[in-house]
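Next come two complexes built around subunit A: one with subunit B, the other with subunit C.
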Partner chain A sequence: MASLSIQNVKKSYGAIEVLKGIDLDLEDGEFLVLLGPSGCGKSTLLNMIAGLDTITDGEILIDQNVVNDVHPKDRDIAMVFQSYALYPNMSVARNIGFGLEMRKVTKEDREKRVDEAARMLQIDHLSDRKPAQLSGGQRQRVAMGRALVRDPEIFLFDEPLSNLDAKLRVEMRTEIKKLHQRLGTTMVYVTHDQIEAMTLASRIAILREGEVQQFASPQEVYEKPANMYVAGFVGSPPMNFVPAAVVSEDGKLGVSIERTANGNRSSVFLALPDDRQDVGDWIGRDVILGIRPETLTHRSDAEISLNKGLQAFDCQVEVLEPTGADTLTYIELGGREVIARVNPYNTTAPGETMAFMVDMGKASLFDPKTELRI
Partner chain B sequence: MMSLMTQKSIPAKKPLSDWFRRNVAKLVVAPTFGLIIFFVYGFIAWTGYVSFTKSKMLPTYSFEGFYQYIRLWKMTPWNVAMENLLVFGSLFILIAIVLGCLLAIALDQKVRAEGVLRTVYLYPMAISFIITGTAWKWILNPGLGIQNLVQSWGWESFSFDWLINSEMAIYTLVIAAVWQSSGFVMALFLAALRGVDSEIIKAAYLDGASLSRIYLVIILPTLRPVFLSCFFILTHMAVKSFDLVVALTGGGPGYSTIMPANFMYEMTFRRNQIGLGAASAMMMLATVMAIVIPYLYSELREKKNG
Partner chain C sequence: MADLSALPGGKSPWQSAARFGLYALLLIFAAYYILPLIVVLSTSLKDLDEIRNGTLLSLPAEINFDAWGYAWNEACIGVSCTGLKPYFWNSVAMTIPAVLISTILGALTGYSLTKFKFKGANLIFAMILFGCFIPFQVVLLPMAQSLGYLRIANTVPGLVLVHIVYGLPFTVLFFRNYYVNIPDDLIKAATIDGAGFFMIFWRIMLPLSPPIIVVTIIWQFTQIWNDFLFGASFTTGGGQPVTVALNNLVNTTTGVKRYNVDMAAALITAAPTLVVYVLAGRYFVRGLTAGSVKG
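Entry: the complex of A and B
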């Protein structure tokens, strides 16, 4: 187990800057997920931690030791690859034990550890098979066994689940989570799947075009996204963005939004909670209101009386998309399509007006120019 | 007749066109199939039959048993030719594969001028063996080539006369054949190396394997099919090698570098010994079969198991 520190790390290929100064600090035993779309530099960063790619500028420290010039095999890290990267001509057991074999571990010790790892991953009955004779999920387990058996300081995962089918992916995700809980080893995991990131991470670093957008716990990333990019990337269905104006009405600070109700187009005032008085400077200016679909639902007076953040308004329903547990209700606010999560028994037919409530305590405000959180 | 057929086929148009559609593949393949049956397998059978006769200038068809084979194996030139085939074949195949493989690995290390180098190494394959043989005859000729050049630089005692040395002349054939074929072997290996998942190499790096270890233990074993392809392509080149010998050594000095194909040609077309030539041709066929059949057997069996 070890801490990991990435300090102002940069990577360029010729004139193209892939990573523009990354700073991340990881405590011993943390699970870091590097999340971002393809081409954002997340895999490059992982390769640099592994030592498979050179560092143009900056430093990477494992346990307070700079490892920039340390050979990959001496960094005491293990990596699970997207393609599993199993050695095709070797049996499962030899695949798992190859790292130990190269490190001159005695045969008895090696067999014991391989056996242990194989049993932990429930692949001990496959040890004589060749990779070509395994299913995708089994290959994935072998790849993890190969990392596990080395008992490294840090585990690195490079999109390990992206080649599996949906059901298996969920299963293996839980497996990885269990593994982390049992071993408590520091892990770095690269993915473009925000659900994987949310479920696995103790902290998420969201990357975009070689820059860290936000580095925080999954809950904070979800509730307080640092900018509109993060807000739109995390969460499914994504956060709704509504153009609004900050106004003051009856001494209360709030936002004014255009919408259609009962055939008329008019503005509705939604008061902000008292702890958002810092928005006072923004009176008379445009902002973007970010609302998670689950904080926008059908009106319930009982709940409104309990939670002061809840604000009610009427709006015409455009489309309904039942998903079973909830019905995604499409409405139009401020000229933008907005999704609300409504209980299937409280929906209204499309074209008719329905009473909604929104939790302004959980809403985010963004600067429309910089797209940063206010 | 044509018009009759079309007229008749109007009511029965559908079944006919259906029949045609069902059998179009067979119809397209049939002429080639027939030609191959006749010109390849038919002539093999004919040669096989002639090898059991006492045919001289013209073929005769009275069966004489193994007379020609017994005669063949009593002839020194034939035994020399088979020995040469063994020496030349094994050295040529081994060196061409090892050299081609090493070249491919070297080129796979992201060399800058890879495109140019690849072409340079592959080009000899585009030349016929006659040209290769002639060029190497000049290079290896003691009076014209390397020996003369080195001696003209001042190393008067330098000697490189393999071409005219009956003990060593067979190795000049190996040199020329390897020069011609190793680039081709390299191309096959390079294509296969490019197909190796780069993550496997990365994984092996993290596992602590050195570059030579990665190639020896992980990558080369996965290239087994390429080794086999190269082996069989080079084997048949070795067994039927004829023009290289004609151009480079002419079978000499004496008959020290003659190959089975040269022997067969000499007997059949020059010395009016068709029966003997046929017997030697059948022996060459048997040599190829002895190598190919176990291979086919093992490959087919493996597929059944796998």
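Entry: the complex of A and C
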């Protein structure tokens, strides 16, 4: 187990800057997920932590020791690759034990540890097989066994689940989570799948074009996204962005939004909760209102009386998409398509006007120019 | 791939006729190609009287290996009447080390060029590749000088060196193109596991290489064994490889022209490459197409 500290790390290939000064600090035993689209530099960063790629500028510290010039094999890390990278010519047992063999661990000790790791991952019955004779899920387990057996300070995962089918991916995700809970080892995990990031991470770092957009716990990333990019990347269906204007009505601060109801186009005023008085400077200016689909649903007066943040309004329904648990209801607010999660038994037919309520206490406001959270 | 001819509704009389015509044509071509070998083989098994009295295409009345023994042990090559035997062993002593060394060096170079990429690796590969297109004749004079400086002119080790140098561009090309398809993640994983340059080569790359090793060995063996120009240019007398000796054997006439001995000698000279093809030919085809189709 070890802490990991990444300090102003940069990477450039010639004139192209791939990483533009990354700062991340990780406590011992944390599970960091590097989340971002392809080409954002997350795999490069992981390779740099592993020592497989050189660091252009900045420092990486493992357990307070700068490892910039330490060879990968001496960093006490283990890595699981997207392609599994199993040695095709070696049996499962040899694959798992190769790292120990290279470190001159005695044969006896090696066999014991390989057996232990194989049993932990339930692949002990496969130890004589070659990788080509294994299924995708089994290969994935062998790749994890190879990392596990070394008992490293830090585990590195490079999109380990993206080659598996959907069902297996969910299973292995839970498996990795259990592994982390059992071992308590620091882990760094690269993925472009926001659900994997949300479910696994103790903290998520969202990268975009070589810059960290937000570094926070999954819940904070979800509820208080630092900018519109993060807000749109995390969550499915994604956060709704509604152009709005900050106004003051009857002494209350709120936003005004254009919408169509009962065949008429008009503005509706949605009051902001009292703790958002900081938005006072924005009166008369345009903002982007960010609403998660589950905070926008059919009107319930009982709930409104309990939660002051809930604001009601009417709007015309455009399209219904039943998913079973909820029906995704498409409406138009401020000229943008917006998704609401509505109980299937409270829906209204498309073209009709329906009563909605939105939890303004959970809404986000963004500056339309900088796209940053207000 | 599915058998297209087995698809329903695919058989008509016209198609059967076309099939028949195709096979007939193929048979004619096959006969055309095999005929010289049949003539050489049957002539080598006849005695001189039979050759003089019979026709070229007639089969031998009785199988007679005298000409083979004569070609191996007694035939005169220039002034020394030793048969092909010593020259044959010269060729063996030249081909085996040259094939092995050029294959090993090719594998190592191909591995470094793909998996331990350094700045300019592609440029170096392009320059090595250029070696494939240099005609033999161009290097004759500089090579002769080099062999002189190294004091290995007119020796078998000298020929070994020439063939290693000339074979390297091809072996590097083969191995480089094979290794480029092996995923880099394997090397990364092994590096983290603590294996170094040679350990990765020995434990991971080589065990994956048999198909391309077979291709390289067959290619190099055929090229080096069949070489005439370097042998004729850089050796004289006792140091000559069997191909040069065969030429001299056929050109040395003491009275009667022994066609059966010439034919037997030609077959002895060609035998090793034929054997290699028969034993490993299917790996050759398999290896050449390896990686072209996934899975």
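The working rule: the second predicted complex is superposed on the first by the 374 of 374 C-alpha atoms of A that agree within 3 Å, B and C clash if a C-alpha of one lies under 4 Å from a C-alpha of the other, contacts with A are read in each partner's own complex, and residues count from 1 in each chain.
In this text, a residue touches a chain if its C-beta (ideal position, glycine included) is under 8 Å from a C-beta of that chain, and two chains touch if they have at least 3 such contacts.
Source: prediction; values computed, not measured.
Colleague: Aligned on subunit A, subunit B and subunit C: do they clash or fit?
Modeller: When both complexes are placed onto subunit A, subunit B and subunit C end up clashing with one another.
Colleague: In the overlaid three-chain picture, which partner chain does A:S83 touch, first (subunit B) or second (subunit C), both, or neither?
Modeller: both
Colleague: Have a look at where A:N68 lands relative to subunit B and subunit C in the superposition and call it first, second, both or neither.
Modeller: Neither partner.
Colleague: Just subunit B (first), just subunit C (second), both, or neither: which does A:A50 touch?
Modeller: both
Colleague: Applying the touch criterion given at the start, work out whether A:N8 contacts subunit B, subunit C, both or neither, answering first, second, both or neither.
Modeller: It touches nothing on subunit B or subunit C.
Colleague: Following superposition on chain A, which residues of subunit A contact subunit B and also contact subunit C?
Modeller: Of subunit A, residues 47, 50, 52, 72-73, 77-79, 81-85, 87-89, 98-99, 102-103, 146 contact subunit B in one complex and subunit C in the other.
Colleague: Could you please specify the touching residues of subunit A with respect to subunit C in the complex?
Modeller: Residue positions touching the partner: 47, 50-52, 72-73, 77-79, 81-85, 87-89, 98-99, 102-103, 146, 150.
Colleague: What residues on subunit A touch subunit B, complex-wise?
Modeller: 47, 50, 52, 72-73, 77-79, 81-90, 98-99, 102-103, 146
Colleague: Where on subunit C does subunit A make contact in their complex?
Modeller: 183, 185-186, 188-195, 199, 203-204, 207-208
Colleague: Give every residue of subunit B touching subunit A within the complex, in rising order.
Modeller: Listed in rising order, the residues of subunit B that touch subunit A are 197, 199-200, 202-209, 213, 217-218, 221-222.
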